[in-house]
Every structure is written in C-alpha cells, then in structure tokens.
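Shared between the two complexes below is chain A, which has chain B as its partner in the first and chain C in the second.
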Partner chain A sequence: MAEAAPLKGEKPEIGRQAAAGEGLAAPRSLERARTFRDAAALAALVLAGAGLVYFLLPGGPRIATMFLIYLTAVLSLSIYSGNSGITSFGHAAFLGLGAYVSAILTMQPAVQASALPHLPEFLKGWALTYWPALVAVIGAGVVVGLVTGAPLSRLNGGAAAISTLALLIIVHVILVGARDFTRGSQTFYGVPRLTTPVVVAVVAIAAVFVARWFRDSATGVKLRATRDNEVAAEALGIKASRVRYGGWILSVVVGMAAGSLYGHFLGAFSPKDFYFSFTYLLVAMLIVGGFFSVTGAVVGTALIFAVVQILRQAEGQSSFLGLFPLPPLFGLTEVGLGLALMLTIWRRPLGLAGLSELSLPWGASRLAPARTRSVAPAAAPGTAGDRLEISGLSCRFGGLKAVDDVSFSVRPGEILGLIGPNGAGKTTLVNLICGQIAGQAGAVVLNGKTVSGLHPAARADAGLARTFQNIRLFERMTVLENITAAALLRTGSLGAAREKAIALASEFNLLDIADRIAGTLPYGSRRRLEIARALATEPKYLLLDEPAAGMNPAETEALTEEIKAIRDRYGLGLIVIEHDIPLIMRVSDRIVVINRGAKIAEGDPATVRNDPAVIEAYIGSRNSH
Partner chain B sequence: MDLLLQHVINAVSLGGTYALLSLGLAIVFSIIGLINFAHGELMTAAGYTIFFMLAAGVSLPLAIVFAIVAVAILAMGIERVAFRPMRKADMTGLLITSFAMSMILQAFFQNAIGARPRAVAMPEALSGVVNLGSVHLGIIPLMSISITVVALVALNLFLKHTVMGITMRAAAEDIDVVRLLGLKAGRVVATSFAVSGVLAATAAFLWVAQRGSVDPLMGFVPVLKAFVATIVGGLGSLTGAVAGGMLLGIVEVLAQVVLPPSMVEFRDAFVLGFVILLLLVRPQGLLPAPTGRRS
Partner chain C sequence: MPMLRKNTRRAALALSLLASTAGFAAAEDFVLGLATGQTGGLAAYDQPSLAGLKLAIDEINARGGLGGKYPVKLEIKDTRSDTAAAVQAAQELVDQGVNAIITPCDADPSIAAGQITQGAEIPTFTFCGSTPTITSAVGDFMFGTYPADNAQALVLAEFAAKKGYKSAYVLKSADSAYTLKLPEYFATAFEAAGGKVLEQSTYTMGQQDFGAEVTKIKGLNPQPDVIMTAAYEPDFPAFIKQLRAAGVTAPVLGSDGIDTPTTLSLGSVADGLVHTTAGFAVPGSSLEAFNAKYKQATGKEPDTVYIANGYEIGLILDAAAKVAASPRGRDLRDAIANLENVEGVTGPITYKGTAGMPVRSISLVEVKGGARSLVEAVVPEAAKVPAP
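Let's look at the complex of A and B:
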C-alpha cells in the first residue's frame, strides 16, 4: 500500500490524508466563533419571543419576566443534566438557596430587623443593590457547588440521581430548620423587587451563552463523552468524576443566580416554593424540550411555560366559557405536565429538539484538514528497552480462574496476536491490562512505569489505548466530537484537539461524515471511528479487541492492511485479539495463545500453528476419548 | 432497659414498613428497570379503600383483603396503561413517566375525594398496650412486625416454590432470555406489578394503623424513603431492599433518639447525608443484584 499512489485504491485506506490537504482554514478561533454565533442566534430568538410577549400580551411584562427566570433555571439544569446525562432532582433547592442569600443581602435594614431579628451580625444591614448581591450569590454558588459536588461527582447513574434527590430534601430540611436566616417554613417577606426587565434579560441571555459555551468547551465535550459511555471515556483518559465536578459547580452557580431572580420577582416565598413541584416543573421543561441540547432547554421552557399559563388560567375558572359552572379543579397543571411528559417519552424520547443545536449555515470548508502534517507523533523512536510488559496477571471470578498467571510483552512497532477459543479469557485479559477490572495478582509495566493499580484514565495518560469487542462509541455525539473528546487528553486546547480530530477523520475516511451522530453510522464506519478515536490519545500501545468481528472477507482484508499501516505510521506496539485465525496469522509478528485463562503457547505464526497444545485447544485432542 | 426495647421495637416496625415498600419497588425494578414513583399512590389508594370500607361498616380484616386485591388490580392497570407502551424508554424515561403518573394520581385523589386528611376509624383493640412485666409494648408496632414477617415469608415461598415465582427470578436476571424460552414476559411483568401492589397495600395498612388518617399525598413520603432504601440496599436486589428498608428505619429511630432536641428537625438531612456517604463507598448499594453483563 504505497503512499505514493494514494488515490488509486478503491477501498478505504489510511494513506489518503497526505492528499486531502488542499484546503487550509479551520483556524481555531473559527470554531469558537461558530459556537458564539449560534448562541447569539438562540439568544436573539429568546429575546424576540420574550419581547413580543412583553409588549403584546395583557400582563405581558410579568409573563415575560417569569419565562426568562424559568429559562435561566432550566438552563442551569441543562448544564449539568444535559451534558452528564444524570437527571438532577436537586436544582430547585439551589434556586431556593440563591433566593434566600440574595434576599438577605438586599433587604432594607428596618424590614430585616423585624423579619429576621436573630440574623448574625455579619449578614445584617447590607442592603445591597442587585448586581453586587449577584456577585455574592455566585460566590456562594461556587462554595455550595464545591461542597455538594465533592461526593456527587464520584457517583453515576441511579446512585447520582438519587443523591440529587437526597440533596433536594437535605437543603429543604436545612432551609426550614435554619429559622434565624429563613424564618423557617413561614413566609419570608420584605424581599425587594429587583428583578427588572433589564436585569432578567441580562442574566437570562448570559445563561444562554454560558450553557452554549460550556456544551462545546473542552470540559463539556468530555462530560458528554462520559454521559454517552463512561467506560470508553475513562479508557480514553477522561476522568469522569473531574469533568462531572466542573459541570456541577457551573450548574449550581447558574441555578443560584436564577434563584436570586426568582426571589426578587416573588418578593415573598417559603421553602416549599423550592421543593418537589418546582423540581417537577423544571425537569418536565428540560425533558419535553430535549434533554441533550441548549436549544431543547429553550424550546421546552417556552412550550411548557405556555401550557402551564393556560392551565393555571383554567384552574382559576369557575365556569366553562361562562356557560355552565365547573367544580374547582386541583392539580390541573400537574396533570397537564404529566401528560406532556409521558407523551414526550413515548413518542419523542429525545425531546422536541433532539440532539442537535440550532445552528446557522456556515462556510463549507470548515472541515478541511488544517495542514497536511501527519498526526503521528514524529515517530518517537524511544529507547531500546521500551516495551509493554505483562507479568503474572491473574483474575478470579468466584472459583473461576478467568486469567491465570499470564505473562508476555510487546515492543513498539510489533504486532502481537492474542488468540484463544471462546471463553479463554481474552477480553478479561484486555480489561485487566487497561484497568477496566482489577485482578488479584500481576503487574503491567509500560516502558518501565508500573501502571497496574492505576485508574483506567491514568493508564491512557501513560500511553495505553484500546477498542472494545462490542464497539463503545459516544453514540449521541458527532463523529468529530468523538475523536475530539479523546484528543483532548494530549492538548488542553479545544482548537488543537479539533484540528487533530479532523486530520484523523480524514486519515480514516470519516471526514465526509464528520458531522453525523455516531449512533447513526453503519458498522464498518463505527469500527474505523473507534480506532481513530483510540489513536487520538497518541498511545504507545494499542489493544484492538476483536476488530474483525462481524466483518465480511473483503472488509477483513482491508482491516489487515489498516492494522499494519497503523503500526508503520505510528510506530506503536499493537495487541490484536481475534477469533479470525487467518487474519491473525497474516498480521502478527508474534502470537500468544491462551486457553482457560492460561497461556499455552507463544511464538511466531508458523510455530504456533503447528503447536500440538494449540491444535488441541481449538480442535480437541484425538486421544481424549 | 425497657426504653431501649421500645426503641428497638419501633425501629424494627418502621424498618419493616419501609422494607415492604422497598421490596415492592425492587421487584418491579428487577424486572423492567423501572423505579416506580407511583408506588406511593398505590399506597394512598389502599389507604382510601380501607377508609371507605370501614366507613361502610365492613370488618377490618375484610377491608384489608379487599384493599390488597383492589390495589393489585390497580397496579396491573397502571402497568398496562402507562408503562407497557414505554418499553423502549431508558431508566430515566421510565422514572419520569412514573413521576408523571404519580402526580396525575395525586391530582385525581384531590379532586375525587378531597384534599383534607380523613380520619380512619381503627378498631379499639389496636390502640392497646401489651404489658410484659415492666415493659409496655404497643400492639400496633408488634402487629406491624408480625405482618412484615408473614409477608416476607410468603413472598419468599412464592418466589422459590411457584412456577411464576421462579420465572420472575429468572426474568430479574435477564428478561430477554425468559422471552426466548417462550415464557410470557408480559405476564411476568404484570405479576410483578400485582405483587408490588399487594406489598404496597400491606404497608399502607400498617402506615394508616400507625397514623390514623389518609390524605391524597399520604404515600409520597414513605415511598420516597423506600426509594432511598432500595438504592442503599442495591437497586433490583430483593434482599438488599429488605436490608435497606430495615437499615433506614433503624437509622431514623436512632437519629431521633441520639440527636439533641435542637437538631431533631434536621434528622432527615442527617439520614440522607449518611445515605450519600454510603453510596460513595458502595455505589452499587449494600447487597447489589447479580448481573451477567460482559464488557
């Protein structure tokens, strides 16, 4: 596969990149400008909508203000839940905290003295205006986020969701109990009405920009990667707890800012205003609009807010269009929200907006690879003693020895085939090497550094990368975002990571579909994407777990060449786990055979092929019956 | 000494009620991955059934039986209407659906019956006290413990010794395999809801006997606690649910006894803080359900 004639081949091959560099462009700032422009478009839409309501509807100013407050609240929820995939039931509580903090700091001293006689000295008599109070609220938000996020960010899935629910109750109990600060469950009154149209518009628009910026920031991309597949994200060097912590803190800060708006809008409130029904409303808005995008948060807020306004009107009616009397109805709003939620989950589980953001048409050349330079690290030759050394790895599940005292090593530039019958322990072995599971004994040493015992992300950082037997992509992110999330391991800058991702996408023939959602790709592209993504972490050693699974002979043939090309181009050590014996025989420099967890043979392909123990493992012994 | 015994009895009786509720949640979760928030409304429905039966002059045991049957049917009805169409939804989607269902049922109770609590006329005999030497033990906590034990034993027998019970345990590990084996998965799911309804109704009786009234929001708080207990025990694990429920009951009573009076109103904050810490150490809960998933 000569690189000199890259355009001749019909099959997708990885020598193409050198020729694909005619377009320049995609300077780093361009991406950011794009995000900014899309955010501005969304913000303009929000302002226009709110403005129309403000001027045209009876009671417009009040309705428009409430809409913008709810929008800020839902955006805060979206920053954490939308990007992490963990539904937070706790955000209503943080709005409450924001409302109380801001209210205490802005109250007139005389009112404060009568409403909160036991307030500690340091909080008395500040009587701030809105903006300085907002700064204090943001500061308090950082503290609250740091404290609550510390345990929360280490949890995922159901445990995380239940913990946010626990936080909701904990904060509520504290608000009710801290009478000296909050008047307990009694109404907290005398809060200055500082939520003017200008104030609410500024904060809400800022929230749109913050949410949109965060989604496409380095942390946001990594957080979405953990949302879509935490195991894969960690194998690519993303520390899930760290990115969740970041998202949580930002989300709490925005939530508390929304709360301050709400408090100064209501003028009087009590802890129950920030409890279950408020949570229910916020979650409903986000889910109906679309959990996974900022656009969805805006759409959902607008729609549900309108529905709630109409239903509240109906609840207050004592007769049907003045024709015949109606009994007073309770909870019509709750029923309406419930039906909207169920309809959404039933018919459009991704919400009205789906996965994509509102985006303006943009110049076509933005995906051209930036430069023709290779992504490969300039073939760092390394020292002579470099290798990945696996020694004495063992892992038991109960009484079953899945991996039993296995040792071997790989050098840079070498392809090691790892084969064995079904259930031999191959995948368990890969999981042990890369840290997805912990074994009982043995060591993994990468170029002299012991990595066993480290977190998977730390092993990726040390230079280990892998693919998975049943492909693990970030299904709800684009092809390019998939690679970018991995490339961020080696560069803090999002722009540089995207540049590298574009180059890799081009190399693996994925550039045409770079903006497709990964979950919609056909099988072959999924495999290629997973390999490209693993390479984006600039690994020193790459483990491919059954790369040929489900491929037809022609595809397998192409894969053989690709594997060799990867080795040549990147100079890395490869471990290929396969069932496909012909593929392994052709591609490997050396082969390790395991059966029932133990290594039974090692050597070059010809030796292994004729090894009696290997033949017995695959075909069975002639003498055994 | 006798004070200690009383606390222990209270803890076990409260824990037992939570255990019944969390078992109901766990049994449904283990099969279709749904955390059923509307479980609380099943409890409320049982409470109202008992209330109306007693008001109509039916004897208490008959009222309980009637409530159990009615709520089991209601649970199957909810499954049919709200959850069966959502089979494809993920765990959060199902959770939110049940949350919505819960709100709708609450609104229904408020409109159809009224928002005010209704006093339930429990027989005199239940409010008595058993005297064992110097120790006075309430009849209700003792009855509550015995009923919990009977319910747990019955459920255990059902799961271990009936065809449907064994099928349900198989479905809890992998419902798709149950489908492949030609067993009626739909019936398994419906049965799991019916069983959860029976457990909710039993718990509702114990709750009402303790508190003496029903209101439209009655089920919300206990089921919230049971929800926490299920997570603590390990989602989908039945033994875990019982252990989690018991533990939560014990911790609550303990917090009530140990905390200084000025802090008692913060009890729930302490209990839930403890839960979060526990999850940090064991994110899968105390006794996680077995799964056979591969990477």
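Let's look at the complex of A and C:
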C-alpha cells in the first residue's frame, strides 16, 4: 500500500498524459491484436489437429468433419454458458432448428414434394447452396435468439438453467408438432449432404474466432463479470440482463449454424436426434475441457471426441493388438465418456484448460507503457449545491426496523464516517443507498437527481460506487479484467476501458499481478482491487463498507492515508463504514452514528466522541472500542 | 526430448489401433457389415436381432457360406443409438467394401446410413425398422425385414371389419413415427374397409394420466365398436387400466409394441385385447422349432420375436446368394428384390412386387387370462396396404 502515497504528487502530470494520447493508442491496438493473435493460434491448432486426422487416419475426412461440427456446437454453448456461468441445456434444440431451416432451404424440389407435401408456398423449391442457406440460418438464429432470450435473460443461476431445459422441451415439442415443416417425429430425409471439409472448416474456424472475440469484447467482459458476481457487477453499472441477452443471441446464432452443419452431415434426422443425449454430449465436452474458456471448449471437444473414436475402434476389435482374442465389448465408449466426465468433476472442477485461454508468450511486455501513466479524474469540478442527500430512509424486515428514518448528506471532497455497533444497520443502509435492497420509505438524491427506485446499475451510472464488507470480486477473471469490466461503464470502447484499467492497476500497485486470476490474490490485494474497480466507474460518491476489516494496525494506517488520497485525487464524496473507531476518527471530516437502525448522533469527530448517546450505545453493546 | 518420443509412440499406437480395424477380408468372403445400436436406446431391439443373425450366420457358414458359396464374415460396429455414429459407421463399412450392410431398428439412422449405401450400391437391411418410409426415402438398395407399420395397420383394420366393427376411436401420439403413423394407417385402412373413425385424439408419451382421453371416449355417443392404439409401455398399461376402470367395455386393438411380458401381467383388464406381432409360436410351428434351437445353441430363452427376425435376415441373404450372379452390388440387390416365398421361421417372406418392405405373415394374437393365443396369421395383400 506504500505505493499509494505518491498519488498526490502525480496530479499535475495527469492532464498532460491524457492530452498527449499517443501512449494510449499503441497498447490498445496491441491488445486487440493480442486477442486476434491468440484466437488465430487456437484456430491454427484446431486446423492442424483436424488436418492431421484428415490425412493420416483411415476414415480421417469423416472423423475430422464430425470433430469440427461438434466443436462448432460446443463453441456455441461456450459463448453463452462459459461467459454467463449458466449451463444451457437448450442448445441441442437450437441446433435442431438450424438443421431443419437449412435442410428445407437446400432440398431438391422433387424430394421436397414427396417428403414435405404440405410445406407453405414461400418455403418451397429454394434449393439453395450451403452459403446462402447459412445466411438464412443466421437470420433465423437472430430472431430465435431475440424471442427466447427475452424471458431468459432476466433470470440467473439455477432458474436460468432450468429455463433452458424448458426451452429444449418446448422447441422439441414445436419441431414434433410442426409436421408440415419437419415431418413431425418421422424421419426428415432427403437433406443434401453439403457439409464438405471446406464448408465445415470455414464455419468452425469462424466460430473459434467469434467465440474468442466475444469473450474479450466489451459485452463478453461484462457478461463474465455478472457470472462471477452479479451483485457486484450491477453495483458497477452492468445491466446483467442486457449482457446476458447479447450473449444468448450470439450463442443461438452460432448454435444454429452448427446445427446446419450437423443436419447436412446426417442427411436424415428427426427431433429426437436433437434432444437429451445430444445435450448431454455437448455439456460433457464443455465441462471436461473447461467451462470458462474458449480453449476449454476446444480441448474438451477434442478429448471427448478422441476418447469416443479410440474406444469405438477398440470395442469392435476381435483381438488386443493382435496378441490375444477379445470378444466384442460394446458400451466401452459410453463408459469412457461417463468416466471422463466424473474424473474431471472430481479432479479438475474447472476443466482441463481451467480459466485461462491459450495465449502466446510474446508480447508479455504490453503493460509496460502504462507504468508511467495515470488516470485523469473525469469528475468535473463540483458546483456549490452538489451533494448526496439521504433523507428519511427506512427499511423493515418483518417486524424489525433495520433502518429507521435515517437522513444525512455528504458533499464532494468530504469524508463521512458512518459508525455504529454490530447490527446497527450500517450495511443495510449502504444497500439501501446503492439499491441492492429496496426500502419502504425515504429518498436518495444525487446532485439533485433522485436515484432511489432506480436499478443498482442505473445508480452506478448516476455516480454511486461501493465496495462490499465481504469483498465481491470477479473471482475467475484477471485483475485487469476486473477493473476493465467496471471501466466500461464510462466508455463504450474496450481499448479505452483497458487503458484506464491499466492506469488504475498501476496506481493501486496491482500492475505486476494484472494478469493473475482475482480469486488467487492475497487479502490486501483483494481490498485494493475492489477499491480500484469501484473508482473505474468514475463515481461522484464512493461508499466503502468496512475497508479495514481483517487488516493489521500497519495496514489500517496505510489505508487511512489511502482513503484521504482518493478523496484528494478524485475530489469525490466518501462514505466510510467502519468498526474501527480510531481509523474513523482520523479519516473522517464528519461522523454519523447509527444504532438500532436510527441515527443517534452526527457531527465532527471530536463532538461525536463525547456524545453521551454514542458512548452509551457502544458501552451498552459490550463492543466498546 | 523423451517427452516428445513418448507422445510420438502414443500417437503411433493410436494410429495402429485405428488402422488395424480397417483390415480386409479374404476375396471369397462375404463381408456383412453391421452399423447397429448395440448400446443406447435401440439396444433393446438391435441386440436380440444381432443374436438371431449370428445364429443364422453360424449355421450358414457351417454349410459352406451363403448359397453354399460365400463364407460370411461379420464386421460389427456399435452406433450407440446415435444417428451421427451410424452415418460414420456406414461410411466406414462402405470404404471397407462390404457386400451388404445392416442398419438399426429405427428410421433415422437407417435412412441416414441408407442414403450413403444407396449411393455406393450396397444392399442394406434395417434390422427391424418398421417405418415404411425407410425404403421409399432411400431407394432400391434398401430393404426392410420386419412387418411394416402400414401392413400391421391393414391387418388390424381388416380384422376389425371382419368382426363387424363399424366405428372406431383412434388414440395416437405425435411423439414418435410409430405411435403416430400406425394408428393413422389404421384409420385409412379401416375407412377403406367401410368403417368410420369417430374420433382421433393424441396423448403425450409418458403422460400416465389418461383421464382426459378416457372421459372423451366415455362421452362418445354412440360408443365406438373398437378402440385402436399403437401405444406401448408405459403408456398402454396406464391407458387400458384407466379405460376399464371407467367402465368402457369396447374391445381394444393394439400393435406389436405391446408384444411384451408386461401385457400379460395386466390381469383381467387386458382380457380380450387383440394385437399384432411379427410371429407367434404355436405348437408345431417353425417358430417354435426355432425357439427350441436358439435355446439349445445359446442357453437362453428367446424372449422376443426380434431374435427370429434377425435370424431371417440370414435366411434372406442365403436365398438371394443362391440365385445372385455375384454376391454384391446390383446383382445381389436384384436377387433380393425378386425373392418370393422365402421360408422364414415366422412364415413366407416375399420381396417381389414390393418397394423393399417385404410381404410377410403377420400374426394376430388375443390376450386372455394372462396368456396369448393365436387368432390368425395373415399375409396382407400388397395392393391394400396404405401408402406411406
């Protein structure tokens, strides 16, 4: 934390650096190039693997084709599930939709007339080639994604996963019911075999790039933030439902493209080919490889596919490598698949690839240019009337008055200490102000704008930021991604957000560990990261909920300096909630004391310290400091 | 670089493992390739079919091979009841240049694989797929062996007409081609025979509660003379119990899906039930003799007619090989397509004049007191079979 001290001295430099600008452009394009290069490396690996299989194995072209089809399907699943953390059990059905749409549009008219006699006129006789049909499939995918995603994106966690299962069943029933289009449960035949090696390679490689690009896109970063901690993400201005919607639509589009490949490979299918067992296979591939990365999707598909292909050869063998006779042993593949899944969940819960993407070693020095730079506080100088006004906030949980008619205000540049004994309602008060819970009465007015009643993300947009008593980081994202996700609130450009994140990381002494996964950081770094992340939203008011919890006296001392430095540097209003009375006394300009939900005192530190009501509250609580 | 060498060796091992299966049979062998579901959902049909086929091939090879000339080598691949795996397996078998191919007891993989073997001009049989579109969708190299759904439906409709039933209620499910199309074929054939279908309603497979359907039947005025369905376990037992509990007494006709021990365990509610089956072993029949032979050869009870059906595929190939100019391609296909009255264990089998789904006898059995008895064995008239 010692590095935080020189902050003040840097202030004059900031404007100059930002104005110069040239330092920003280089790493930004470098960053984009890095994602592209890593995606290209992954794609090259996929192509090389498929190419080896294609040329070297007996039946290689088919095995390579099937692998690339499954890969495209698993990538589509990964785009939504990997980034949102919500397992989709519905993708098999969307693959089915893609297969049917593409099949209807590419069928020869004569076959179509016998297979689908009641097909509506506008769908009859198109007999398209693969690529125009794919365009139609993508268009249909957008529509299907928009329709199904509208309800789904409002849900999270288990509720969303169960809803995808419901979607699987609904789409299946529709496919079975739409007899004029699909022949219902009967086999849909006469589908031209258009999945040539070139077609499948082009689509699969495109899918690798799309999945990899999306993961590191602005929406992808925000989506992963909601995956790791939705409450924190929303407090940082990310609308979880919006980014989930985006990810879902893209995922459905890629899934339907994968389905068209699969349909043109099979040549004949029915809705049951796109149901539970296919769902199981796709989800198993993603889990084994690594749920949370594109590399994991590739690794999992390759591994499971290799296991299935090798075991299916082994089970038909009449002898073991020609040495001794064996009876045909069917079922080895299914047992192998199940074992691979169980072993992964047991030994490597994050999958074989874990959290990181395949990334090339060169270019590791990309963070260097940022070292000398710092961020400019974006906050315009406050006008005289600016303040965060809390008036009459009340919140009851059943009969318990957790917060009872509390009013106070804080000005830009002011540090307000908020103290109270255990259970006084401090954290509830912060949750009310920032919108994590809804109260029964009262208003929060930020520089004249009433924000109470708004979504937490809208309050963040208005200029409120907070940290959490029990630190809420995006545990499976890197330090830099944590800050970037928050910085995206103020800039649509991912490059600019990363620039700001690098600068903040540098400022909070996190640059050396910028590429570490946040979940692996020691406690002190976690606290610093959470504050840096909150500042990335360029707040006008920042609420720190027990920032000194778990710190030793030396760390607490450094924190005191840091809090003041933040105030001085960013000119924002701070509300610091603490148990640590000495810290609060040193750092605060003004102190509000609450007990049993109600404000019992307010004033400068000296006044509050001698307030009989405060003394009584603390002594009475047996938690006196 | 010991690591690299180790990996190279592993790769070489994997390659040799893959390559060794692509071995070729001796020139005079008849290689019969199987891409069937020995595991997964189709195993219940494809496993007994394979057991019967193996018995036939053993006997045929003991006699010197198909037609006494071509010893048979089986190339068996499991499709895990997955359509994509069936496509892959069929293409591998085509690449190996097999003489004939057998596909699973299901339309999806049979048609998907058949479209490949049709292009390669390799005669192909579905083990016990009964959807008539299997052959019409694929072409002239594709053959069925099991009684087709529409043929079963015709037998049931003609039986109903013969019994004097004038009106019928038909229960079907869109969830599978079998539960949907077989009742629809029945409705077509029943009306062609002069009957009237009062109502067709649908159920969801696995729904268990047939209250709505039973109420609807009970409310029909006049009551239907007969109720027909292709429902099977667990739907059929639930349906007939609830139907009888509601006091509906109309006779029920079912299809071969309920040719299982469960139907016999239903007790008195199943009394009077008539259903179709591919073969019923009455004393002195060749099916009874086959069952005894099977038990002797394998030590197991032949618990399903799919075993006999698999065995008959061996007999069909044997009969075709006897007359074929060569044991492959168009010669073999022409020989199969012109077979007439091949003596199978369930009755005579004829391909001549059909589109690949054979004309063969279908048995009607009646359930009474926990046992089945033969009503009649019928060879349906090809011209009257409802079009697929």
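Quick note on the criterion: the second predicted complex is superposed on the first by the 558 of 625 C-alpha atoms of A that agree within 3 Å, B and C clash if a C-alpha of one lies under 4 Å from a C-alpha of the other, contacts with A are read in each partner's own complex, and residues count from 1 in each chain.
Keep in mind that, in the parts below, contacts are C-beta pairs under 8 Å (C-beta built on N, C-alpha and C of every residue); 3 or more make two chains touch, one makes a residue touch a chain.
Everything numeric here is computed off the predicted structure, so don't read it as measured data.
S.K.: With the two complexes superposed on chain A, say which partner A:330 touches: chain B (first), chain C (second), both, or neither.
M.R.: both
S.K.: Given the touch rule stated above, what does A:272 touch, chain B (first), chain C (second), both, or neither?
M.R.: second
S.K.: Does the superposition put A:356 against chain B (first), chain C (second), both, or neither?
M.R.: Neither partner.
S.K.: Figure out whether A:87 sits in contact with chain B (first) or chain C (second), or with both, or with neither.
M.R.: first
S.K.: For A:391, select first, second, both or neither according to whether it touches chain B, chain C, the two together, or no partner.
M.R.: Neither partner.
S.K.: Now for A:313: first (chain B), second (chain C), both, or neither, which partner does it touch?
M.R.: The answer is second: A:313 touches chain C but not chain B.
S.K.: Would you check which partner chain A:196 touches, where first means chain B only, second means chain C only, and both and neither mean what they say?
M.R.: Neither partner.
S.K.: Have a look at where A:241 lands relative to chain B and chain C in the superposition and call it first, second, both or neither.
M.R.: In the superposition, A:241 contacts neither chain B nor chain C.
S.K.: By the touch definition at the top of the document, which applies to A:407: first (chain B), second (chain C), both, or neither?
M.R.: Neither partner.
S.K.: Residues on chain A in contact with chain B in one complex and with chain C in the other?
M.R.: Residues 176-177, 330-331, 334 of chain A touch both chain B and chain C.
S.K.: Considering only the defined contacts, which chain A positions touch chain B in the complex?
M.R.: Contact set of chain A toward chain B: 87, 151-152, 154-159, 161-163, 165-167, 169-170, 173-174, 176-177, 231, 276, 280, 283-284, 287, 327, 329-332, 334-335, 337-339, 341-342, 345-346, 349, 427, 431, 436-437, 468-470.
S.K.: Please give the residue numbers of chain A that touch chain C in the complex, ascending.
M.R.: 56-59, 62-63, 66, 114-115, 176-177, 179, 184-187, 189-190, 193, 262, 265-270, 272-273, 277, 309-310, 312-317, 321-322, 328, 330-331, 333-334
S.K.: Of all residues in chain B, which touch chain A in the complex?
M.R.: Residue list for chain B touching chain A: 35, 82, 85-86, 88-93, 95-97, 99-101, 103-104, 106-107, 110-111, 115, 220, 224, 227-228, 231, 235, 265-269, 272-273, 275-277, 279-280, 283-285, 294-295.
S.K.: Spell out the residues on chain C that touch chain A in their complex, using ranges where they run on.
M.R.: 14-22, 38-41, 75-78, 80-85, 87-88, 91-92, 95, 107-108, 111-112, 114-116, 131, 133-134, 136-138, 174-177, 180-181
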